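Some structures to go through are shown next.
Presented sequentially are two complexes of chain A, the first with chain B as partner and the second with chain C.
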Partner chain A sequence: MKTRRREEGRWAWRLTGFITVCVYIFMFAPIVATVILSFNASMFGGFPMTGFSLQWYYKLMANDAVLAAFRTSLWIALVTAMVTTAVGVVTAFALVRFDFPGKQALSTLVILPALVPETILGVGLLVLIKSIDQPRTMLLLVLGHILLAVPYVVLITQARMAGIRRVYEEAALSLGASRFSSFREITLPLLVPAVVGGALLAFTISFDNTSASLFWRPAGVETMPTQILSMLKISISPEINALGTVMILVTVGIPLVGGLILQSLTRLKRRGQPTEEAR
Partner chain B sequence: MPDSQDTISSPRPASAGATIAGAAAGTDSPAVEFRDIDIAYGKFVAVRDFSLSIRKGSFVTLLGPSGCGKTTILRSIAGLVDISGGQIMIDGRRVDDVPIYKRNIGLVFQSYALFPHKNVFDNVAFGLKYRNVPKPEIVRRVGKALEMVRLPGTEKKLPSQLSGGQQQRIALARAIVFEPQVLLLDEPLSALDANMREEMRVEIKKIQKETGITAIFVTHDQEEALSMSDRIVVMNAGRVEQIGTPQEVYETPATAFVADFLGKANMLAGTVSRSSGPTAVTLAAGQTVNVVAPKPLAQGGKVTVVVRPQKLSVGAAGANRLSGRVVSASYLGGSAIYEIDIGGGMTIRANTPISGRVFREGEAIEVGFDPEGCVLLDEGGQRIS
Partner chain C sequence: MKRRWTLYDPRLAWMLVAPVLLLLIFFLVLPIAVMAAYTFFTFVTAGVETSALTTANWHEFFTDSYYSGFLLKTLRVGAITALLCGVLGYFPAYFIWATTFRHKWLLLLLLIVPFWISFTIRTFSWINILGEQGVINVALIKLGIINDPLPMLYNEGAVILGMLHFLMPYMILNVYVSLEGIDRTLISAARSMGCTSAQAFREVTLPLSLPGLAAGLLLCFVLAAGSYVTPQLLGSGRDALFGNLIYDTIMGELNWPMGATLSIVLFVVLGFFAAVYTRYMGMSQIVKGLGG
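Let's look at the complex of A and B:
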C-alpha cells in the first residue's frame, strides 16, 4: 500500500517534470532558433547550418530602411515610456489615495485598453481620426502606443502605491512638508521601483507593438516590427533572423539591465552598515 | 496649583458650551482647546460635543476602548481629520482652516512611520529643513535630540537597522526637535513588546517633563494612562465619560463605564435599605452593607455599590463583611486574586495581600471593606455626588 503510493508519487513527479520541460522547449525553441540561424552562413533562412558568419549583421548595418525603422521605434518607445510613466504615477496616486465618486468605474476604465483586442483599438482610433478629418501623423502613433501601455503602468504603480502606508505622508505633512513636497520627498522615492518597472514595460510594449502600429503609422513610416513584416513579404532572408536577434537583445536586455541597476542601487545604500537588526 | 483648566461640559446630559472655565485663571491661553467638537464620517458620528481645555506643559491622556473616538480627536488636532462642528484652538489661535503642515505639531505614530529610505539624521532633520533652519543649526539640534532619546551617533543608520524601541525613540526625536506647540502621541507603545513598553513609558514622560512640551497621549491601556498622565480623559462611544487626575478617575469613577474600564471594579447592585444614620444598601445577593452617601438617599432607591478589588481584604479588616465561596484563586506571590461567589448569582473579585494562608477553590471566605472605600452609582450609571 505504502510503496504503491510512493510509486504513484514518483510517476506524478516524472510527468510534471516532463510537461515542464516540454513547455520550456515550446517557449524558447523559436527564440533559440532565431538567434542561432542569424549566425548561419547559408543564403536560406533555415536549417541546416552551413557555417558561422556575421554577414547578415553587416548587411543589416548597411540597410538604411532598417536603421531608420530602428531609430523610429527607439524614440517612439522612449517618449511612450516617459509620458506613460508620468501619467501612470499620477493616476495610480489618485486612485489609491483619494476617494471620489466614480472611482471604481475609473479604475476599471483605465485598464480597459489592455483587455480590448488590439486590432479593435487600432481600427477604433483610426476611425476616430478619419471622422474628424485628421491625417495619420507620428503624434497619433505615439498617442496610440501610450494608450496601449498606460494600463500596465497604472496596474504596476497602483500595486506599489497601495503598499506605501499613508502614515509616511502624514508624518511628512505633520513635520511641515506641503502636499507636493511630501509626494516628492517621500512617496515618489518609495515608488521608484514601480516607476522604473513601469517605464521599462512601457518601453517594451511600444517597441514590440505590431498590429496597432500597422493601423496608425503615417504613410512611409516603418517601426521595427512593421519593417520586419514588410521584409517578410518579399522573402525569408536570414537578415530577418539577425534583426530578430537585435530585437530580442533590446527588449530583453533593457529591462534586465534596468533591474540590475535598481538592485545594485538599493544594495549600495545598505552597504557600510552591517548591523542588520531584525524587527 | 490645582489643574483647573482641564474642564469639560458635563458629559451627559450634554449642556454644550457651558464651561470653558479656568482659562481666565492664567494670562496665557491654553495649549489646546476644543469647543463643542463634532466629527462625523458620513452618517457615523465619531465624536459628539467634545470640549476640553489643555493647560500648557501638561500631559493629557485620551483613554478608551478602540472605536471610542480618541484617535479621531488626536487626528483632528493635527489636521488629519476634518471636524464637522465646533472649534479647535492651538495656543489661542483657531486652526480649523489651517492645513496640517502649517500647524506646528509633533506627531508620533503607533507604527513609528520613520521614512524608510532616509537615514536617522534625515528623518530627524526633516521638520527643521522645512522651517528653513540653517544647516549647522540643524546638525546641532539633531545631535541634541538624539542625545535626549539616548541614541547619539545613530545619524547614519537606516530605520530598518534599528529595533522597534529604537525606531520609536527616533520618531519621538523627530517629533520634538523643531519644538512644536503640542506633541501628539497615537498609541506609541502598542507596537512594542512588554519590557520595551515600560521603559519607553518612563522615557516619554521624562522627555516631556524636561522639554515642558504639552503632550496629548492616546491609549487603550489603563496602566499607561494612570502612570503617565497629569489628566485622563476617559472616553466611550464618542463621548467623554470623565476627566480627572489618575487618582480621581480611579478612586471616584463618574460612571459605571469608567469603573469597569479602569481596573474592572466590582459593581454590586442593590437597594437603599436605610437612608439615615449610616446609609445601608441591601445587595441583590441578600447581604447588607454600610456605605457613605454624599447626600441623603431615598429608601428603596436602586443603587450600585462600586468597590475596587484592592479595597476588599480577607479577614477581620473592614466594617462591611461579605461572605461567600471561592470560585477561583490566582496566587501572584505577594498577593492573590479571588473570585468569590456571594450568592444571588453575584461574583466579586478581591485582590488582596496575602496574610497567613491562601484560600482554595470551594472554600468559604469572608472579605471586608470600609464604607469610605466605595462609590455609589445611580440607576443611570452616574456617580451620586
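Let's look at the complex of A and C:
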C-alpha cells in the first residue's frame, strides 16, 4: 500500500516536471526560431534554412527608418528611466516611512496604471488633450511612459524599503545629519538594488511599449515597436527577424549586464565592510 | 505662526509624493473623467464633435448587438486565456517552489527574461512557428505527413496562443510568490499526521496558494481582454477584440465620442471584475505579484 502511494507521488512529480519543461519550451521556442531565422540566407522570412548569412543585418544597418526609430526609443527610454526612478523612489520613501491622510488611497492609485489596459489609458489622454486643443508632443509621450513605469518602480522600492529599519536613518538624524543628507548617505545606498532594478525595468517598459505609444506618439514619429508593427503590415521579411534579434540583445543584455555589475559591486562592498546590509 | 516640522511630518510626505500625484491626476484620473464626459458629446462628422449633450452614443451601444457581441467575445477570449494560463502555469510554479534543484534561480531568471523581450517581437515570433513557412508546417511537409501547409495562423486559436505566451510569466510568478509564502512546516505536519502527498497538496498547499492563483487569473484576464497588438498580429479581421474596436473607432473613423464610450465600457466592465476580486482578496496579493 505504502509503496503504491509513493509510486503515485513520483508519477505526479514527474508529470509536473514534464509540464514545466513543456511550458518553458513554449515560452522560448518562438524566440529561438526568430533568432535562428535572422541568419537565414533565404529571400523569404521562413524555414527551411538555406544557408548562413548576415545580409539581413547589413540591410538593417542601412535602413534609415529603423535607425531613426531606434534612436527615438532609446532616448525616450533613457529619460523615462531616469525620471521615473527619481520620482518613484521618493514616492515609495514617503509611502513607507510617513503616515499621512490619504496614504492608502494613494498607494492604490499609484498601481492603477499597471492594471488599467493601455488602450483605455491611451484613449483617455488623447481625449483630454483634444478637449483642450493641444497637439501630441514628445513630452506627452515621455510623461505617458513615466506614468506606465511608475507603479513598478514604486512597488520594487517599497518592497526593499520595508526591509530597511528606520533606526539607521534616525541614528544619522540624531547625530546631526540633515533630512536630505541622512536620505542620501544612509537610505539611498541601502536602496541601490531597488533603484537599479527599478531603473532597468522602467527602461524596458518604455522601450517596449506598443499599444499606448500608438495613441500618444506625435504625428510622423515612430518608436521601435510601432516601426516593427508598420513593417509587419507590409510583409514578413527576414529583416524583421534580424531586427528582433538585435532588440533581444539590447533588452536582455542590458539588464543582465546591469545585474552582474550590481552583484560584483555588492560583493566588493561586502568585502570592504563586513557589516550585514539590513535586518 | 510657523509650526515646527516634526520628524515624519505629513507636509514633507506630501511634498515627496507631489510629482507622482500630479502625474496620476493629470494623466490618469483627469483623462478618465474627461473621457466619461465625452461619451455624452455629439458626433458630427469624422474628427468633429460638439459639446451638445446627448445620450446617442450610449443608446447606440446598448441597442446595436454589434457592440455587445464584441464585448462578449472579448470577455470569452479573456476568460479562456486566463483559465488556460492558470492550469498550465500552476505546474511550473509548483515545480520551481518544490524542486531541490540547485540552480533554482536560473528557472526564476528564465521567467523574468520574457519581460525584457519586446512584446511585439515575442508576438510576431509565433509567425515563425505557426506560419506557412513556420517550424511546424515545414517539419510536417518534410516528413511527408502533409502536402499543403496547415492554416494555423490568423484565427482565434493563434490569438489565444499568443496571449498565453505573454501572460504565462505573470501567472507563474503570481502563483510562485504565493507558494513561497506558505509555511513549509504545515506540509510536514500534514504528512506526519498520515496524509499522502496528494492529500497534503489538496488540503494544505493548494488552498494556501489560491490567493496567488486568483491574482494571476485576474491579471491575465484583464490584460488579455484589454489587448490590442496580439489580435492584430496573429488574428484575422474576424478575431479583432474590443481594444481593436476602440482603436479603429478613434484612429480610423475619428469618432471620438463613440470611442470614448467604448473605452469607458471596457474600463467599467474590467473594473467590475477587479472590484469583485479586491472585495474578497484585497489588493496585497496583486501588489506582491507585480513587485516580484
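Brief remarks on what is shown
Here is the rule we go by: the second predicted complex is superposed on the first by the 270 of 279 C-alpha atoms of A that agree within 3 Å, B and C clash if a C-alpha of one lies under 4 Å from a C-alpha of the other, contacts with A are read in each partner's own complex, and residues count from 1 in each chain.
By our rule, a residue touches a chain if its C-beta (ideal position, glycine included) is under 8 Å from a C-beta of that chain, and two chains touch if they have at least 3 such contacts.
In this text, all values refer to a predicted model and were calculated from it rather than measured experimentally.
In the superposed pair of complexes, A:I261 makes contact with neither chain B nor chain C. By the document's definition of touching, of the two partners only chain C reaches A:G9; chain B does not.
Looking at the shared chain after the overlay, A:P189 reaches chain B, while chain C stays out of its contact range.
Of the two partner chains placed by superposition, A:L249 touches none, neither chain B nor chain C.
After overlaying the two complexes on the shared chain, residue contacts for A:S181 are found with chain B alone; chain C is out of touch.
Contact with neither chain B nor chain C is seen for A:M61 once the two complexes are overlaid on the shared chain. In the superposed pair of complexes, A:R165 makes contact with chain B only, with no contact to chain C. Contacts of A:L173 after superposition on the shared chain: both chain B and chain C are touched. For chain A, the partner that touches more of its residues is C, with chain B and chain C as the two candidates. The intersection of chain A residues touching chain B with those touching chain C, taken from the two complexes, comprises 170, 173, 179.
Those residues of chain A that touch chain C in the shared complex are 5, 8-9, 12-13, 15-17, 19-20, 23-24, 26-31, 33-34, 37, 44-48, 87-88, 90-91, 93-95, 97-101, 103, 106, 108-121, 123-128, 130-131, 143-144, 146-147, 150-152, 154-156, 158-159, 170, 173, 179, 201, 204, 207-208, 210-211, 214-215, 224-225, 228-229, 232, 236, 240-241, 244, 247-248, 251-252, 255. Interface of chain C with chain A (complex): residues 7-10, 12-14, 16-17, 19-21, 23-24, 27-32, 34-35, 38, 88-89, 91-92, 94-96, 98, 107, 110, 113-122, 124-129, 131-135, 138, 142, 164-165, 168-169, 172, 196-198, 219, 222-223, 225-229, 232-233, 243, 246-247, 250-251, 256, 259-260, 263, 266-267, 270, 274, 283, 286-287, 290-292. Residue ranges of chain B in contact with chain A, taken from their complex: 78-80, 99-107, 109, 111, 113-117, 126-127, 130-131, 156-158, 160-164, 167, 174-175, 178.
Chain A contributes residues 165, 167-168, 170-179, 181-182, 186, 189-190, 269-270, 272-273, 275-277, 279 to its touches with chain B in the complex.
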